[in-house]
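Right after this note come the structures.
After this come two complexes, each holding subunit A, first together with subunit B and then together with subunit C.
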Partner chain A sequence: MLSLLSNPTILGQIVVNGLSLSAIYVLVALGFTLLFGIMRVVNFAHGEFVMLGGFALYYLYGMLHLPWLLALVLGALAVAVPSLLLEWLVFRWFYQKMFQSMIGLLGLSMVLMFTGLLVWDAYERNIPRAFDFMIKTHGVILPADRLVTIGAALATLGGFYLFMVHTRAGLAMRAAAQDVEIAETQGINTRRIYQLAFFVAILLAALAGGLYGQIYAVSPFMGERPLLVAFVVVILGGMGSIPGAALGGVILGFTESVLGTLYGGSAAAYASFSVVILLLIFRPWGLLGTPE
Partner chain B sequence: MAQQTGDGMTQGPALALALRAPRSRAIKYGLSVAAAVFLLVWPLFVHDRFLYHMAITLLLAAIGASSLHLIIRTGHVSLCHAAFLGVGAYICVNLVMRLKLPFAVGILAGAGGAALLALAIGPIILRLTGKYFVLVTFLFGEIVRMVFVDWQSLTGGANGILEIPPPSPFFADPQHYYYLALALSALCVGLCARILTSEIGRAIDSIREGEQLAECAGVPVIRIKVMVFVIACGLVGFEGGVQAHYSHYVSPQAYSITESLNFIIINVIGGMTSLVGPLLGTGFIVITPELLRGYVELQQIIFGAILILVMAFLPGGLAGLGGRVQWLMGRARGAMRP
Partner chain C sequence: MHALGKRIAFGALLLALGASQVSAEEVLKIGGIGTLSGGGTAWGLAIKRGAELAIDEVNKAGGLKVAGQTYKIEFIMYDDQYTGQGGKTAAERLVFQDKVKFIIGPIGSNPVLSTIEITTPEKVLVLGDGYTPAILKNEAHAPYNFRFTLTNLEFTPKMVKWVKENLHPKKVGILEPNDAIGQAVAPNLIKAYKEVGIDVWSDFFERGTKEFTPLLTRMIASDVDALDLNFNAPGDSGLMLKQAREAGFSGLVYQMGGPSVPENIEIAGKSAEGFISYEMYDFTSPVGKALTEEYDAKYGKGIINSQLPAFYNATKILFEALRRAGTVTDTTKVRDTIEHMDGYDAGVYGPLKWTGMETYGVNHQIDLPFFIVKVQDGKTVPLAEIKP
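After this line comes the complex of A and B, so read on.
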């Protein structure tokens, strides 16, 4: 089996798959960890925002044939802006209430998923590929589609990093993540920060949904797997830790790509879940998190 | 605590309380006896297959719900309760259908198997608290479901196992099965109630309220948590076997996260502070779908909305609704006084 790794085509495929999976996972997990780190909310409905992002891209790109990049950005905004209403209706009641948020947002997940089922039915739809040519270099064949996915995700991550590190709003968010009360005494309007963090988190999830839906397929149930992934990634890296989410996403993406290519999808799933359970038992705060 | 009735105001709270306590206890006993008589007698007068089916579903679901209630009372929310339901069901079905063992042996072995699995993982995962426990059980439930799908020789894979026979030709009659379910359900729920009212029950409550304090006071915290977890998972495994032989069909779908979630919903909606909660919640969850038949999606949406509302505004659940109303009325009365 391992001898397959010496084959440049397969190796290239593993690397490209690993990178594109990692990039999407990091996008999903970043929002999840942001909501947890700042508002102490465990967003069990995160997968549903990924699903909505997938449908947004399906309509804007697949049906209306807008330019791909525009459709991707507009689609994410089309999910994140109306979601602010959900923030006002549902999320704000659960801020700083971890346990209640888990169960309450499981409820929100059911509401969104089955509303999706009512509207769109259960069958899977495909978003047409943005680019369907191959790039051949040094005997390695790379699908352009995947490379663009990686590029879009990396650009988003870069933007997110700049926003968090170089803007006042990002600074305020990091302060609120460290200690809400002290941040408030320093004059930070935490209500605004919560809204902003929520908006950013949903934007990232919806963007990931578009990319994810384009690789696999779009259906009302497509959010289940990204939610599981977000869990695994965030636990790996440490709940609430932003660098942790990035590290966890890369680890999981590559593990799945390698094990999935060599031994099949369920082997990859067993391995990643088992590792995470072990990690939870021995180091529950994750690789880069801090113990409470 | 000093909830004064209108006429008891001048005598002071102590007297009002003294008058209240025996009366409310009498009401409680009266209600329980009436409920027991009703449950025993109604099938003799009503011969409706559909009502039998509803009642059996309700009675069996009550086992799982009240056993999860035991775990919740220790302060842990398990998201893999349906996994143990499945373990019990698959063990029981395999023993009965392949090895031709009697039904009674099958369900007991199913319960035992589920309890053993709980005993194997309990001491490890019960050291985690709060969100970490929820996450671990969420992932564990998913692993068990994947095993059900992948272990095709024993579980029939994603298609499941069909044509599971009734326990005996006698129990093919739904009326007879109703009495079987009633007896088993009463046994299991009674066991839960007995545990909660015993000394162990007080230890359980003390663990939930303050684990470290309980430990300091000499409560063997981890041992009690493991014991409760093992008993609860054994009970739900027991339900699994009985249920499989009633529905004649098992598949991994029936033991997924969604089902675990249903047990949680039952407890959350009913209320998590007393055993009445899961029983009320079971009634609600089993009966509502029948009222919304043909609108499965709508039903899930309504359940979801209820979960949000209960978690945001009504932490006591339906069982806490009475107290909540009383509290609000008391406050209104207090506000009216000068």
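After this line comes the complex of A and C, so read on.
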């Protein structure tokens, strides 16, 4: 099977597939790791916010035919803004309570998923592609919508990095993540900072949901896979670490692409989870995380 | 006292009227089992809606009259999650908690096998689907279950022959879920292809996979010139079709099983153009058009899965069997009645015909025509009808 690697077209396609998968996985994992990093909340409802983002783009772009970029941003906002109510009702009770948050938010996940089922039925829906062409070079094919996803992942990562490092709000978030009490004694309104972090995390999840839904399909159950991916990615990279989410996404994306092409889907799944288990044994804080 | 006496008499009259109304309209519970979550949801909805349409017709006509008693039909359905455990749990709830005697569905070998494990000892009748021969060919000889759709044993050899003669593929690619269903289906399909001289490339994927591109890239590297989406669930087959085109696969794509043409068009969009599929039902026929109108009126214009007519048909045949048997409790008598209903036309597929004695040892397999269709300009057009 390694002989496939000597074929430059296949090798090129493996790299393209790996990049495309990495981009999707990084996007899906960012919001998840942010909530954990700042508030120590394991958001089991993450997949459902991804699902809501998918439906938002389905309506705004697929049904109302708004310009794609506007629909993507508006869709993410349309999920993130009303979610602040959920923050007040549910999430705020679980800040800094990791284990309680798992159980509580698993319940919220069910509520959101089955509400989605009641509202939208169970059929998988297609969001029309915004960029319906393929670039072919040296036999390697890159669908334009995958290229856009790679661009979106890079832009989101870059924007998010700038926000965290070069803004006062980002600095306050990092301070709150390191030590809540000391951050408060320095005059940081942690309640407000937590709300902001929650808003950004849901915005990122919904944004990922729009792109994920457009590449695959939209349904009330579409959140299951992104949640699993987010878990694997952040365990690989380190819970709460943004560079870790990027690294974890790239590792998982390329593992699936290389092993899936060379040895099949089962081998790729086996290898991905074996790496996660080994990492949990020998470096439980992940590749770029910090030990508690 | 006189006024009080009048009131008592009036009250007694009301009670009597109420009681007579209860006895005039008893409730008959019919159970349903199907996949209502995940990739196979379209099939679960086909069971649910197929049964509901038949039930609505009966209820609107005043109820089901059996041995002088009129019954209002109530439908109770549970999700099997397309798993054996899900089918078992759903069957246990229907049989022991809801006390139903008749179940419509499920689809899928694992859920059906688990369902009949519960229902057979309780003599509950199951009118379902599922491809594995063990559903009918078992030690008990499937005493209380019927299959209302064709299986790959019935249509695969005929369709492989049609594919060979009309599409001329040299090497076919097959992707199967890595579970009991995929592992049971793949060898039979590979054997059928090899028997007519078509080479096969196959691989497995884990259930829940949404990204098939690496596997499809691997397939393309194996010089495959046709992709058979075979028995994959609608959500999965649509994505495979879309991603095969995105990965640069320019060969023929068709589906030997399923079927899930409207879902594939919905998910794959333009990539579905030229897609060829096995089809269970001709919705362009007069009967098919009438059923579509009825469906649209109840559920709004949307996708009708082609498994729906099978369960609409099954429910209608069950009602006729109940009328003829004159009982809603003696399932053995109802079963015997269904077995002898050859020639009865429920207005869906034409006259009923039971088969299966030779293959399964019991005549509980329905015999039906099937169709081969093609997607052209985003619409389904018929290519051929294969008679029983």
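Throughout what follows, the second predicted complex is superposed on the first by the 289 of 292 C-alpha atoms of A that agree within 3 Å, B and C clash if a C-alpha of one lies under 4 Å from a C-alpha of the other, contacts with A are read in each partner's own complex, and residues count from 1 in each chain.
Going forward, a contact is a pair of C-beta atoms (placed from the backbone, for glycine too) under 8 Å apart; a residue touches a chain by one contact, two chains touch by 3 or more.
Predicted, not measured: the structure shown is a model, and the values here were computed from it.
In this overlay on subunit A, subunit B clashes with subunit C. When the shared chain is aligned, subunit C comes close enough to touch A:143, but subunit B does not. Shared-chain residue A:108: touches subunit B; no touch with subunit C. In the overlay built on the shared chain, the residue A:269 is in contact with subunit B and with subunit C. In the superposed pair of complexes, A:124 makes contact with subunit C only, with no contact to subunit B.
In the superposition on chain A, no contact is made by A:174 with either subunit B or subunit C.
Of the two partner chains, subunit B is the only one touched by A:98; subunit C is not. Residues 117, 228, 266, 269 of subunit A contact both subunit B in one complex and subunit C in the other. On the subunit C side of its complex with subunit A, the touching residues are 36-39, 41-42, 44-45, 178, 203-206, 208-215, 217-218, 221, 234-235, 238-239, 246-248, 263, 266-270, 302-303. The residues of subunit A lying in touch with subunit B in their complex are 42, 90, 93-94, 98-111, 113-115, 117-118, 228, 231-232, 235, 239, 266, 269-270, 273-274, 276-277, 280-281, 284. Residue ranges on subunit B touching subunit A, taken from their complex, read 77, 124-125, 127-128, 130-132, 134-136, 138-140, 142-143, 146, 150, 261, 264, 268, 297-298, 300-301, 303-308, 310-313, 315.
For subunit A in complex with subunit C, the touching residues are 4, 7, 10, 13-14, 17, 20-21, 24, 117, 121-126, 128-129, 132, 134, 136, 141, 143, 146, 216-217, 219, 221, 224-225, 228, 256-262, 264-266, 268-269.
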